[in-house]
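Pasting the structures in now, so scroll down.
Presented sequentially are two complexes of subunit A, the first with subunit B as partner and the second with subunit C.
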Partner chain A sequence: MAKYYDIDDIITEEEIVSVIFQKEASGVGIDPSSETDYIEAGSKLRQAVSVNVPPCFNQNTRLEIQADSACVDLRSRCPFFYEFGCKVAPLVGDRTIGFLLLSAFKNRYKEVLTKAHTAAFTAASKFWSILTKEEINMYEAAQSSMASFKKWRMGGPRLQKASVLGRKRKSTE
Partner chain B sequence: MAGQSDPHLSLFSADELEFIAEDEMVEIVPNLKMDALNLISGDFGPFVPQITTQVPLWLAVALKKRGKCSIRPPEWISVDKLTQVLEAERESQEMSEKLPFHYVEISRLLFDHARDDIPDVYMVRSLIEDIRDVRFHKVETDLEAFNGRTIAVKIKNLSAMEVNIVRPFIRRALQAFCKHDSPELIPDPERVSDRRPQVANNAPRRQLRR
Partner chain C sequence: MYGRKACQLVKEFAGGEKGQLTPFNSDLFEQVVAECSQHHLELQSLIRKIQEEGLDVQTTRNADHHGALIHHLALVRNKRCLMAYVYNRAEVMQSLLWKIGQVLPQEIEEKLCHSEIEYFKKHSAALRSYMSKVQLDLTVDMVPPKDPYIQVRVLDDIGDGIVLKQFISRAYRLILFYMKNMAWPLILLKTLHLVILDILYKS
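Showing the complex of A and B:
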C-alpha cells in the first residue's frame, strides 16, 4: 500500500503479459474462441489464468545477460526490468527469475558505479541509454552528488589578483 | 537545519558540511588585544598579540578576514606529513587514519582565507587533491565488492566529505540489493517486492547458484 501512489510502480504494472486461461470465464469481453488474453501483471485472478514468462525474461535475454550483462540494452526490453521481474516471478512460478535479476543487477551495478562518479556527462550519454529506470536513479544520484561537490570545491574566492595589477593602479593614482 | 538544501539526495550539502567543519579548533596568533569571548560553545581567548590561542575555525577565519590574526596551519597541513600520507594511501587498501574527519573542508577553508599562512601552499594543495583522488578511488573499489549478501558497508577512516558524496548512491544500491536478494532467501511470494531492507537477517546467506 505504501507504493499505491508511486508512478513508477503504476507504470510497471501496465506491462503486458500473455496468459492462458485455466477456467472458463464469461463476460470478460474477449473472443471466446481464443485461449489467450492480455491482463496486467499483478492482478492474479484466483488461479484463473496461468501467466507465461514475459519476453524480456526469455532464453535469449538470459544468454545475453550471462555473456556480458553490462552491455545488454535492458531499457528497450523493459524500462522497469527489475521491478517487473519481482512482480512477475511469483505469478509465473519461475524461481530462476530471481537469480537472473540478482546476477544481472550485481554485474551491471559495478558498471554504473565506476561510470557514475567519474565519467563526464556527455561521454556517458551512450551508456545511459541502456540502463533501466532503477539504474538511472542510482546513476543520477551519484552524478548530482559529485556535481554539487565539484561546485562547492570551485566556488569561493578562487581567482587571485596578480600582484602586478595592484601595483600598476597604485602608481597611476 | 541539516538537509534543507535537497532532502531527496543526501543528508547534507557540501556547504552544510563546511559549516560543521568550522567548529574544528585551530591555533591562531592574534595581533590585537581583546578580552576573552564567552560564547555558548565555550570561552575563547583572551587575545594577546603574539600569544597563540585555540579558537574554532569560523572565528579564526573571521579574525583573519579583518587582518587581526594569522592562522597556524594544523600539523597535518605540511608537505612532509602529506607526502607521508599520500605514500601510505597508495601503498595499502586501508584508509589512512592520519587525516582529520573534515580534512577536505578544513583545507579548502584555509586555502581560501589563509593562503599566506601556509608554507608551500601550491604543493600542499596539489598533495591534498592527490590524496583525495586516491582515497576516492579506494572507496570505489571497496564498493565494487558489493554483492547480494551485503547488508552494511564498513570502510574505516572515511572522511565526512567522501562519505557524503557516495551516500545517495550507496543508499539506493543497498536498497536494490536487499530487494533483489530477498526472493532467494524468502520464497514467500508476498515478500518478494518488499522494499524495506531486511536488517534482521544477519546470518550469512546462501551462496548463489551460477
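Showing the complex of A and C:
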C-alpha cells in the first residue's frame, strides 16, 4: 500500500507480458487467444491465465549477462529490470530469474558505483543510456554523495572572521 | 487494451521534469473516467447475468466470473493511476508553496485545473493561519542565510506606504539593503515586481 501512489511502481507494472488463458472469460473486449495483459491483473488471475516468461528474461539476455553484465543495455529491454523481475518471477514460476537478477545486480553495482565516483560528466552520459531506472537512481545518489564529500573536504572557510571585526581593524590602522 | 490510457496519464507526469508540473491533461483524464464507467457497466451486466442464471456470485467460477474479474481489475488499475496522478501533482504543488510562496505565478497557474487551484488556495490558507498562530514566517530562509539583509533595487514605483513603508516610498531605482524576509514576498511577485535582488538576478 505504501507504493500505491508511486509513479515508478505503476510504470513497472505496465510492462506487458504475454499470457495464455486457462479458463474462459466472457464479456472481455479483446480476443482472449491473443490477449496481452499487465502483471497486476496477472497476479490475481493466476488461476485463470498462465504467464509466459517476458522477453527481457530470455536466453539471449541471460547469456549476455553471463558474459559481461556491466555492458548489457538493460534499459532498452526493460526500464525497471529488477523491480519487474521481482514482480514477475512468482507469476511465471521460473526460479532462475531470481539468480539472474542477483548476479546481474552484483556485477553492475560495482561498475555503477565506480563510474559514478570517477567518470566525468561527458563520459558518463554514454554510460547512462544502458542503465535501468533503478540504477540511475543509485548512480545519482552516489554522485551527490561524492559532491557533498568534496564540498565538505574543500569547503568554504568554516570559521569566518566577522565582517564587523575586519572593518574595525582597518579603520584603526 | 484496458488501462492503457490511464497509464499514459501517469507516464505523462513521469515524463516531466522532477518538481515541475505539466499542464493538467483534463482531456485524457475525462477519457479514463469514461473508461471506468464503461467497465462498471460491463461488470454490472456480467454480475447480473450470473445472478439470472441462479448461480451464487461468490463461488461461481465460470466464464462470466473471469470476465467480471478482468473488468474489476482494470477498474482498480485505472483508479490507482488516476489517484496517483492527482496525488503526485498535489505533492508538487505543496512543495511549490514552500519554494515560491503563497501566490502562484501566471505560467504555473495555467497548468493547473480548477480544483487544483482551489486546493492550493486552501493549503496556503491553512499554512498562513498556522504561521500567524506561531507568529513566524516559516517559508522564508529554508537554508540559513549568511546575512539577514539583502541588497535590493526598486524596479517600479511602489507608491507610498506599502510593505516597505515610508523608508523607500517613491524611491525608484534606488539600491538599498533590506531585511530579507520583508523583501522576499515582493521579489517573488514578479507581476507586480517591485524589488529585485541583484545577486539572485545574476545567478
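Quick note on the criterion: the second predicted complex is superposed on the first by the 138 of 173 C-alpha atoms of A that agree within 3 Å, B and C clash if a C-alpha of one lies under 4 Å from a C-alpha of the other, contacts with A are read in each partner's own complex, and residues count from 1 in each chain.
Methods note: a residue touches a chain if its C-beta (ideal position, glycine included) is under 8 Å from a C-beta of that chain, and two chains touch if they have at least 3 such contacts.
Note that this is a predicted model, so its numbers are computed, not measured.
A.B. asks: Does the superposition put A:Lys87 against subunit B (first), subunit C (second), both, or neither?
C.D. replies: After superposition on chain A, A:Lys87 lies in contact with subunit B alone.
A.B. asks: Using the touch definition from the top, say if A:Tyr5 reaches subunit B (first), subunit C (second), both or neither.
C.D. replies: In the superposed model, A:Tyr5 contacts subunit C only, not subunit B.
A.B. asks: Counting residues of subunit A touched by each partner, does subunit B or subunit C come out ahead?
C.D. replies: B
A.B. asks: Scan A:Glu14 for contacts with subunit B and subunit C and give back first, second, both or neither.
C.D. replies: In the superposed model, A:Glu14 contacts subunit C only, not subunit B.
A.B. asks: Could you look at A:Ala116 and tell me whether it touches subunit B, subunit C, both or neither (first, second, both, neither)?
C.D. replies: After superposition on chain A, A:Ala116 lies in contact with subunit B alone.
A.B. asks: In the complex, go through subunit A and note every residue touching subunit B.
C.D. replies: Touching subunit B from subunit A are residues 2-3, 82-83, 86-87, 89-90, 95, 98-99, 101-103, 105-106, 109-110, 113-114, 116-117, 134, 137-138, 141-142, 144-146, 148-149, 151-153, 156-158.
A.B. asks: Mind listing the subunit B positions that touch subunit A in their complex?
C.D. replies: 9-10, 13-15, 18, 108, 112, 136, 140, 143-144, 146-148, 161, 164-169, 171-173, 176-177, 179-181, 183-184, 187, 189-190, 192-193, 195, 208-210
A.B. asks: Write out the stretch or stretches of subunit A touching subunit C in their complex.
C.D. replies: 4-8, 10-11, 14, 23-30, 36-38, 40-41, 44-45, 48
A.B. asks: So in the complex, which bits of subunit C are touching subunit A?
C.D. replies: 1-3, 7, 10-11, 13-14, 42, 45-46, 61-64, 66-71, 73-74, 77, 80-81, 83-84, 87-88
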